[in-house]
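Encoded as structure tokens, here's the structure I'll be asking about.
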Amino acid sequence: MEYVIEMLNIRKVFGNFVANDNITLQLKKGEIHALLGENGAGKSTLMNVLFGLYQPDGGEIRVKGQKVNITDPNVANELGIGMVHQHFMLVDTFTVTENIILGSEPKKGGIIDIKRAEQEVRELSERYGLAVDPTAKIADISVGMQQRVEILKTLYRGADILIFDEPTAVLTPQEIHELIQIMKKLVKEGKSIILITHKLKEIMEVCDRVTVIRRGKGIATLNVSETNPNELASLMVGREVQFKTEKKPAQPGKPVLEIKDLVVKDARGVAAVNHLDLTVHAGEIVGIAGVDGNGQTELIEALTGLVKVESGSILLNGRDITNLPPRKITEAGVGHIPQDRHKHGLVLDFPIGENMVLQTYYKSPYSKRGILNFKAIYDKARQLIAEFDVRTPDEFTKARALSGGNQQKAIIGREVDRNPDLLIAAQPTRGLDVGAIEFIHKRLIEQRDQGKAVLLVSFELDEVMNVSDRIAVIYEGKIVAIVDPKETTEQELGLLMAGSKRKEAGVSS
Amino acid sequence: MKLSELKKFFVSTSSAFVVPVLAVLLGMIVGAVVMIASGYNPLAGYSSLLYGAFGDPYYIGETIRQTTPYILAGLAVAFAFRTGLFNIGVEGQLIVGWLAAVWVGVSFELPKVIHLPMAILAAALAGAIWALIPGILKAYLRVHEVIVTIMMNYIALHVTNAIIRSVLSDEGFKSKPVHESASLRSEFLESITYHSSVHYGIIFAIIGAVVMWFLLEKTTKGFELRAVGFNQHASQYAGMNVKANIILSMIISGAFAGIAGAMEGLGTFGNISVKAGFTGVGFDGIAVALIGGNNAFGILLSALLFGALKVGALEMPSSAGVPTELVDIIIALIIFFVASSYVIRLLLSRLKKGAE
Amino acid sequence: MSVYEVLQVIIPSAIFFAAPLIFTALGGVFSERSGVVNIGLEGLMTIGAFIGIVFNLTFADKFGTLTPWLALLVAMVVGTIFSLFHAVASISFRADQVVSGVAINFLALGLSLFLVKKIYGKGQTDQIQVGFDKIDIPVLSDIPVIGPLFFSNMYIPSYLAIILAFVVWYVIYKTPFGLRLRAVGEHPMAADTMGINVTKMRYIAVMISGALGGLGGAVYAMIISRDFSHATISGHGFMALAAMIFGKWHPIGAMGAALFFGLAQSLSIVGKTLPFLKDVPTVYLLIAPYVLTILALAGFIGRAEAPKALGTPYIKGKR
Amino acid sequence: GGQGGNNAGDKGKDTFSVAMVTDVGGIDDKSFNQSAWEGLQKFGKENGLKKGRGGYDYLQSSSDADYPTNLNKLVRSDFDLIYGIGYLMGDAVKEVAEQNPKKHFAIVDTVVEQPNVASITFKEHEGSFLVGVVAGLTTKTNKIGFIGGMEIPLIEKFESGFLAGVKAVNPKAKVEVQYAGAFDQADKGKAIASSMYASGVDVIYHAAGGTGNGLFSEAKDLKKKDPNREIWVIGVDKDQSPEGVVKVGGKTYNVTLTSMVKRVDVAVYDLAKRAKDGDFPGGKTLEYGLQEDGVGIAPTQDNIKPEVLKAVDEWKQKIIKGEVKVPMTRKEYKQFEASLK
């Protein structure tokens, strides 16, 4: 059997923590091999070892049968190993071409031959069907295109073994579809791929084999054709997982959120939200489905008071909250799970306990006459940590030290605990493993059942279909259709999101 | 205690005390090497330094007097740092604070209980206003506070000189002395320290440190200020007014700096004279804050260290023949070692591994 | 004075005033572009001024008119070595970069004065005898109108400063080295995954800032003060830092900002001789350059974006 | 710090010891600190004293806050006469003198009213008047410059006397006055000088300490570029002709026209001597003017034309005789100017 990569009994220890405990992973030539595991199972660590970013504490790596010592990414590059990182490794202020050639720049008389480089990038992108604009700035292009740049970076260096670390977590369904096509094409060209993903559906769709790890240990390596999502999920979590969250039918009450004729401009002055109408009732979850960049971000920012509304109105329980400052909106009863938990959700250098009162610190009992009551704060933190199963050594640990899933659980705990009438959840499960996703979905439905209004914004069609009671499709800043998840299909939703009007779609709210 | 236990104790308390203390020791050792290399006697050098700082009540008094403005300048720098701002303008804020304190001190005659607080308050206000400008520019126009505060230092210097000349004196070079009712000077303190110029300002400085600690760590406002310092985006999401907090932070920082000026104006000098250049206290405050780990208690200690080194240094040329500049070298080395605490910790943890 | 006469007075003086700031600010651009805050520019200038003067005084007899040039070179070398303190502390030892910059400032002043006392037995050096000459550039200075403004009564190092700004711009924006330097300052981990040695790049950048800071200090001392004392470099490094930020971490911008400072300074000096400003109290002219700078920043320069990774030590594998 | 000082070291006290505190400039500032130290050294050597405790010594301050500390250190080291050098030290000397009434102090450049303090001041305006005469008679362009360090009364004395001297001999000459706002900013000094020379000024007098370095550097560079150009600097405090040397080709020029010297050394020496002889003028102010040879024009006068020197001498006599009262403030200068018409 010909393996291009053999990672044998790899061990990696951080301090006292064993992140990789004798894991073995073997990659065949021309296959797409999935690496599956919970958040924090050690997948990224294992791949970083392969890419030379970490040095293993034990085990050996063979490339095409040869034992190798990958001391840094340069060595990995020379061995033909390329990696698309979980957190993009792109310089925002550089152009696409500059990012791709960085470190192996074509030169002419000592200076960068940028024309030639752009030409090479263009050729490469055409050859693999990775559409990018070589002269565009990274900051200005979509996440999907950024990812294609990451792939081009590896191809530019002639990699024939590609590691994709959770490439789909940040992509829209369309982009995921494109990426899958690209991967298939790459394999056809003779490349071999290791794919990390939490989405079992993707594994079933493109992968040949899968290696499952749990808490740093290798659990199993299976042929995808001989397994199914349920088996994979239970292998990885160590228990049965429900994919379809059980829920009772919704019992919508009075309207909680009424958005009327809303116009919001983006940073460039273009109307990103363009005469949008939407109503969310008590006791229902409205999911907003749409391709990234159709005004979702601006809509949420307008609802939470972070950007100015141009025209139109936002009513909460009949009260006008248009253009109120964020604090007033929060106090009026809006909870918000932000899309970017590191940037907006947490103060990473604060203890997790203090993060639990980020919006309420000034209120009784956390604060009295301007003085904080730390006992009350940490009592509350302990309660939420227990209630929402936030895995942390203690409530004094800095938020930075928690894993993404646990950070997210902390945020959800905080927002739910404030008992808001309207809960806005933006991409609440991005990058989380199936176990964590299940937990979070349950919580959202619980809120609904308690008579709250929930607005869910997500690029994951699965999630929207699964959790929502109604789905509002957003396109170019407008709600173009409202559909019942039980009566629609992914295909239909996909078409709506792409702007093609459903024949009988009555846009009512 | 067994040796290994001793080592363990050493290691467990390392982050709090051992690292700074080691840094000071290392700085002293390298300083000794410099002295030997340049032909001085390090023992004589250090004993005169020590004597000049703590040798008798007079020197202790002078050391405390010098420590006083350092504490407040350090607090000013640290307060801004803790909220994500770099206030290089403490020097200028200190100068305008000094001016305002003296201005009030010479212009009124009031009972001490009113006059003294009023003069100090005026200094705080002046410093605050001086810091307000960079604060506003930072908050609303996102102009980098470092440039604006550097410029404000020069403006403070020249404007203060002009006011001393034209308002506080008749085209002269110094103001009248502040009235007794606004003075921090104390016959009692002077008498127990052989006429040193130590004054009651140290009390205000210590109160200042307590205030900073309390404000940042215990109050609701402090929570906001710290949050904004760490993550403006999340703070804004959480409903905090980021701009107002940036401005408030600069104001408080400036107020500390202004009070540092009041210490000079109402205590050490008792007046203000035209300044040929910066006092240096504001810039030293950066180092004080950083050595003190930007925390109120740490700043008390590092200001004392600074005060002692500066005052003690004056004794070195006459009794040991060592130039005072050696102290600057030692200070630099100490800062260097404090900054490199990562390496010191690393070495300590190696030690720990050895102990286990 | 006519406007042209005024220009003829202020432009040359603005340029010699700006030159040391330009060199130093360009050094700052390198360091900060690589992600290392350099508040130690003041100290680097101090060391440069000290070395420049000491070398000049010691070797003037030997090297004659070549002396100042060699002094510049030696100041650059020593500045480079001195900047290693900052590099080791802030890159290898992961020190807070502001802290280690402050340490550099203390060390430079303390050490150079200590050595002056040791070498000369007094607190300041003598004046140098061989400095740079004021020159008229042949041919160019004869061009009507602009000749007298830009090519007369100038010092060669001033031109070098301006030329260097363009060279630095070229290096930073056109060469592989520059691309890597900027990548390291924006996203060191990305650079690392591309096989760029982040530590090495940052060392090089900080050392260049040491060389240029030393150069700036030496140019200042040899053209302007002609001796070295505790007050020779007093705030110039901070002005260079301000110029760098004002210029948005861009070499041409930094040069422009330094020239702006010089212009504002000489404008305020010439102001006194203008009829309508004659009776303005001196203080207004003294603060004018600083007020103008603040107004310029607030008015039309606006916000500046620092390199993203500025101030954070790069630790492999840390997010 | 009386305690240690008052009773210690009485034994074997037949020598008379002296010490001084300098400001941040130190004893080699090429200005009044240096001059004062020269005076003390001369006194010390003449009386067979050693440098250090019990002989003659100095302490340098590193900030204004150090003055009292340093004065006190000297008190405690039991020096018999302690000088504070510079107007900035007035308050500190006053305070320390009050606390140590048995000690003898002296202050230079300002007046401290205290029975155990002797004050030494100089009539800088008189000396400046003479260099003003030189400038007024030497200028060809009738444009003259004055660069002041900071706008304080002390420097105003230089300015007013200088302006009066110029006006007295050359009413057509215009004097451009600029203040740098600092005593240590050579770049500012150079920029001011550059602007003045460019606008046709040919003689500049400075009272600006280290800021004056910039003036010398500008003048020398201009001279070097065009040795035929007549361009002059008038130095201050000490004879600054060494600072003015320019070598062009094989020839040596000197841009220093002359200097206004202020004999702090003489005054310091005189006072030490008087005090040693038991004639300490406590509570008095000793004013050093032209008459006392405390101020005057520097001995190096090669660049001054003989007829100018003659005029200088005439004016000097007039001032000494009291026929001319030299203004020491701007207000007095206005009156003086009016009186000329």
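For clarity, chains are labelled A, B, C and D in written order, and residue numbers in each chain start from 1.
The definition used in the following text is that contacts are C-beta pairs under 8 Å (C-beta built on N, C-alpha and C of every residue); 3 or more make two chains touch, one makes a residue touch a chain.
Since the structure is predicted, the reported quantities are computational estimates derived from the model, not experimental observations.
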Of B-D and B-C, pair with higher C-beta contact tally: B-C
Most widely separated chain from chain D, with each centre as the mean of CA atoms: A
Geometric centre distance via CA averages, chain D-chain A, whole Å: 75
Distance between the centres, which are taken as Cα means, of chain C and chain B, whole angstrom: 28
Distance between the centres, which are taken as Cα means, of chain D and chain C, whole angstrom: 34
In chain D, residues with contacts to at least two other chains: 60, 151, 181, 184
Numbers and ranges of chain A residues touching at least 2 other chains: none
Contacts with two or more other chains, residues of chain C listed in rising order: 231, 234, 282, 286
Complex contact set, residues of chain B against chain A: 218-224, 226-227, 230-231, 233-241
Complex contact set, residues of chain B against chain D: 56, 58, 62, 65-66, 158, 161, 165, 171-174, 177, 194-197, 264, 268-271, 273-274, 276-277, 279-280, 310-311, 313-315, 317-318, 324
Complex contacts: residues of chain C adjacent to chain D: 1, 5, 8-10, 12-13, 16-17, 122-124, 127, 129, 131-136, 153, 220, 223-227, 229-232, 234, 236, 265-266, 269-270, 272-273, 282, 286
Partner chain C, residues of chain D touching it in the complex: 24-30, 60, 151, 176, 178-179, 181, 184-188, 190-192, 194-195, 198-199, 210, 213-214, 216-217, 220-222, 224-225, 242-243, 245, 247
Chain B-facing residues of chain A, complex: 304, 306, 325-331, 336, 338, 343-350, 354, 358-359, 361-362, 367, 370-372
